[in-house]
Amino acid sequence: MEEREVVVIGAGPAGLSAALEAARAGAHVLLVDENSKPGGQLFKQIHKFFGSHEHRAGVRGIDIGTQLLEEAERLDIEVWLDAEACGIFNTTDVWIVRNKEKSVTVRAKRIILATGAVENSVNFPGWSLPGVMGAGAAQTMINLHRVLPGQKILMVGSGNVGIIVSYQLLQAGADVKAVVEAAPRLGGYGVHTAKVRRAGVPFYTSHTVLEARGTDHVESATIVQLDDKWKPIPGTEKELDVDTICIAAGLTPLVELAFAAGCEPLYSPLLGGMVPWHDRSMATSIPTIYLAGDISGVEEASTAMEEGRMAGLSAAYSLGYVDRETYAVGFDAAEKRMLALRSGMFGQKRRDAKAAIVGHSRG
Amino acid sequence: MQRIIDHPVLGPLPEVKMVRIIVDGESLMAREGEMIAAALIATGKKYFRKTVKTHEPRGIYCGIGRCTDCVMTVNGIPNVRTCVTPVEEGMVIETQMGYGVWKQEQ
Amino acid sequence: MAGSYDVIVIGGGIIGLSCGYYLTKQGKRVAVIEAGGFADGASGACDDMILFQSKKPGINLELAFESLELYKSLVGELDDSLGFANYGGMVLIQNQQELEVMEEFVTQQQSYGLDVKILDRKEMLRKQPFLSDRFIASTYSPMDSQAYPFAVMHKLSGKGRKLGMQVIHKSPVTGIEKDGNGDYRVSTGQNLTYTAPVVVNATGAWAGKVAALAGAYVPMEPRRGQIIITEKVPAVGETNLWTAKYLVSKLKSGFEIDSTEEEKRLGLGFAFTRTEGDSYLIGSTRESVGYDKRTTMEGIRAIINQAVSIVPVLKDVNFIRAIAGLRPATPDGKMILGEHAGMKGFYTAAGHEGDGISLAPITGKLLADMVCGTTDARLGELSPNRFAKDAKEVS
Amino acid sequence: MAEDKDFFICRCEEVTLREIEQVIDEGYDTLDDVKRITRAGMGLCQGRSCSKVIARIISQKTGKPIEEVLQVSYRFPVRTEKMKALEQGGGSDATDN
Amino acid sequence: METKDTYEKGLKITGAPSLDELHASPCYQLPPKERRALAAVIECIEGIPCNPCETSCPVGAITVGDEITNLPVVDFEKCTGCGICVAACPGLAIYLKKYEFKENLSYIAFPFEYLPLPPEGATVQMVDRYGEYVCDGTVLRVVKIKRMDRTTVVHVSYPNDYYERVVNMKRLPAN
């Protein structure tokens, strides 16, 4: 069995930030990721990030990804790619399959889970046809793989993911025919919807997809208006000429590893569903296991990076790498930056939901 | 269904070596290192497999190896996730019907 | 008081539901009380074979024949395929010594009416082209069949309920006592009490514990069986597979098998069956670890190593789940079925170990007949009272 | 058209909304019960895209709170793996929780 | 078809802020017609946690303040119309405008992240906040410099009549 001080699972924004912080404090860090390239969703995020200068605002996600990776290299962080974490036993032993070929168990003093989230689905007749896909899948195709999955797009869901991916599909050369939103109001930031709208994309609130049709692939979609009980209103059906339907119906924390390891669950509808309970320092009910990013509740990359810093620093502190004073200063600064992101009309609810998790007394 | 040759943020598509893949018997070119699914989308392939029970066509859905809807038979091995498996020179890729068939080499 | 019935069946696994179903069919008012949810016990974590070849001529083989016939009629009765299929089975033989033992065994089984024969290597490979080189021959029986346990349980429960049977989930039994009328009062974790003149203890590996609540003795040991489940794959050969290795050691005392310490500790045996869902169930271990139902890395790895060494093409197949169930084992390897001496109306139907799916219908039917007054003379050897001597030693 | 229930909830095992609702109507009200009977969520993706949807359907039909329905146990491997990955592999003698 | 009704529904229904919403927000200020220089116009009315507009401005003309969810406010006294904020804004919610920079023609410089880019001198179709064609415009400059990090700023002149309504241009068909 191999041994490491800190094992970080997931090399997205949260995991990378956690690994960097723990390594800066002096811990030996192993960062594992199932993909062949690190960075998680960052390398699909070709837009400029919000926030303040300290959050690297105004920098594109792809460039933040590159910066974080360069830093990881400078700090000699050990990175295993094509490495899938399949289980955690006895609170310390991480079962990792490398290159789909070989199992390795790594005994870690601290484990930081930064496994991210998985896209929710919306089910309607025809949703399993080729051409219906997660908005994230479309984003992966256009921004990572540089192929357009379709020319005529219907986007389902108007949260930031749906809107940003709509914009990026336009940038990639596709035609977004409509964005439908089941709620009576659009979900994402107004500045995002505004840039998609002025590109000529119509938004349909209180609308949903009724059906997708096609033989081997989507050839058209029917949308319909919903009444105030979210039931379709007969006669309001509209047929759209689309070849691709992207689903952006929110994300669910990818919690399997945490719960299979025995971390206590807590339900937080606002943050995407079941999340592992954690305290302010990002530690779970199993003291050797920490969380960072969407696994602890779905937010966005900037928050994930701050949570990663908090988790990495806390793990290093618990191993004795930093003194109390330094820890308090560093942690408080990260927490302050994070709370700044959890403010305003969009952030306050998340701030309250997070506070409810941290404040939830166990047992 | 096409490659994105130029992009306002990502810039022009970098030149890479092309490799030959065989898709349902047809010889096609793909960009070295790209995922099978990307190579097939670029050629306009409409579906990657048909399901076991209802013989429905399926293609990519999650795009990151989680949902396993995009599986095909690759080099004789069924159920290969094409969205996370890179193409290789000479790779034989087949639309998978149901759970596919084993390559009979014994 | 939650209700009074003619019969209370404790345990909602495949045996309990079969007992409940056949009792209900005979007009009894039945409640089946299950500690967990649907298929939470061993019946939800087993393979799905109705296997003949592993059985020594005797009551088990005889009952398996009868059970198979019942399965065939249940398909119509319950209005569902029940995942019933008849792929046949082969027991793989890897050396001359094994072959000799198996030849003798096959002859015995044939004389008992089982359609089984020995295949030479060439015939074996025709049916199983993906086998590793190391097998020299195999047996083959077209009779080995299977059923999908979840479907069987779901339909027994559904049809039973249509006929008036009650199925109560999430109700662990905490006490069994007699009331003034001579009826049994069965109380559950929810502080509910059910009464009936007849109680059937069909709690599998827990049968000893439940019997003890009533003051009865049932010697039952849990054996953990771990199994892995593959993704849907094309059929690997025509039949289900087992290996002769352990069978031979059971049949021939003193036969030394070549196993590692780990394999011995895990009680590793090879069972390879195609499911209704087009995946494979690959087993299994047989471990004495008390009531620990967890799967282990060691167990999973051992099963996989063995499977890949026997069917190498499996190395590129994904396994998607590992499951473990507690098989109920009796001291003599035969199930327990019958009324306890001195405890009128208290029956046990448990202890099938790996034969629960095979023998569920016949167990339920025989039990129901017994409760309704028809006793099958053959069942003496399955009576719970055969362990009475041990009980005295225990107490 | 709005009443169409013959579309899949579970893509992997091809289980429809109608089949899932039928089982819930029979009185099965946990995610495990519904999965075992319909096979929804038992396929290659292990319920990643459908568990939450099924939980919501159960909750809506039975009135059970969603957080109660969502309490499920997870088993390893949490990712599907090829058997060769374990064939020679290391690993402790650890036990699943 | 867009109706008057649509225009009044507002940001959370149509995706674009209505003029009523903009006029009610302290963030949005249309440069007065008499102003001589270009000035930054910000359409960011929701209080998202973000402040690169403030930090990028070399003359301190944009204020968000300590709470980064405050709405940005432009000080026209200080604003020089340099346009750095246009490319710095992650939400692409800032453009520069000037009324009647030439006879009967107004001026707009807006962020544009699509290909192909228009050549200088080209006639392009100007759109409103809903993407509806409003009028033609003439491309004056296409600014694409490293500091703007792949956000191009396109400068266009267009008729004064549509001073407030025009915010951007239609994407051009692929070559």
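The letters A, B, C, D and E name the chains in turn, as written, and every chain counts its residues from 1.
To be clear about the criterion, a residue touches a chain if its C-beta (ideal position, glycine included) is under 8 Å from a C-beta of that chain, and two chains touch if they have at least 3 such contacts.
As the structure is a computational prediction, the values presented were derived from the model and not from experiment.
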item: For chain E, the least number of touch steps when starting out from chain B; value: 1
item: Nearest-to-centre chain - CA centroid comparison; value: D
item: Maximum centroid distance from chain A, chain identifier (CA atoms); value: C
item: Pair of chains joined by more contacts [C-beta pairs], C-D or B-C; value: C-D
item: Computed distance of Cα centres, chain E from chain A, in Å; value: 31
item: Separation of chain A from chain D, taking each centre as the mean of its C-alpha atoms, in whole Å; value: 22
item: Distance from chain D to chain B - Cα centre to Cα centre, in angstrom; value: 27
item: Gap in Å, rounded to a whole number, between the CA centres of chain E and chain C; value: 74
item: Multi-chain contact residues (two or more partners), chain D; value: 11, 13, 43-44, 48-49, 75-77, 80-82, 84, 86, 88-89, 91-92, 94-97
item: Of all residues in chain E, the ones touching two or more other chains; value: 113-115, 150
item: Sites on chain C at which at least two other chains make contact; value: 231-232, 297, 301, 316-318
item: Parts of chain B lying in touch with chain A, wherever the complex brings them together; value: 1-4, 7-10, 13, 34-35, 37-38, 41-42, 46-48, 56-66, 69, 83-84, 86
item: Chain B residues within the chain E interface of the complex; value: 6-9
item: Complex contact set, residues of chain A against chain E; value: 47-53, 57-60, 63, 158, 170-171, 173, 179, 184-186, 189-201, 203, 205, 340-347
item: Of chain D, residues touching chain A in the complex; value: 1-2, 4, 6-9, 11, 17, 48-50, 52-53, 66-67, 70-71, 73-79, 81-82, 84-86, 88-92, 94-97
item: Chain C residues touching chain B - in the complex, by the definition given at the top; value: 125, 129-130, 231-234, 236, 278, 313, 316-318
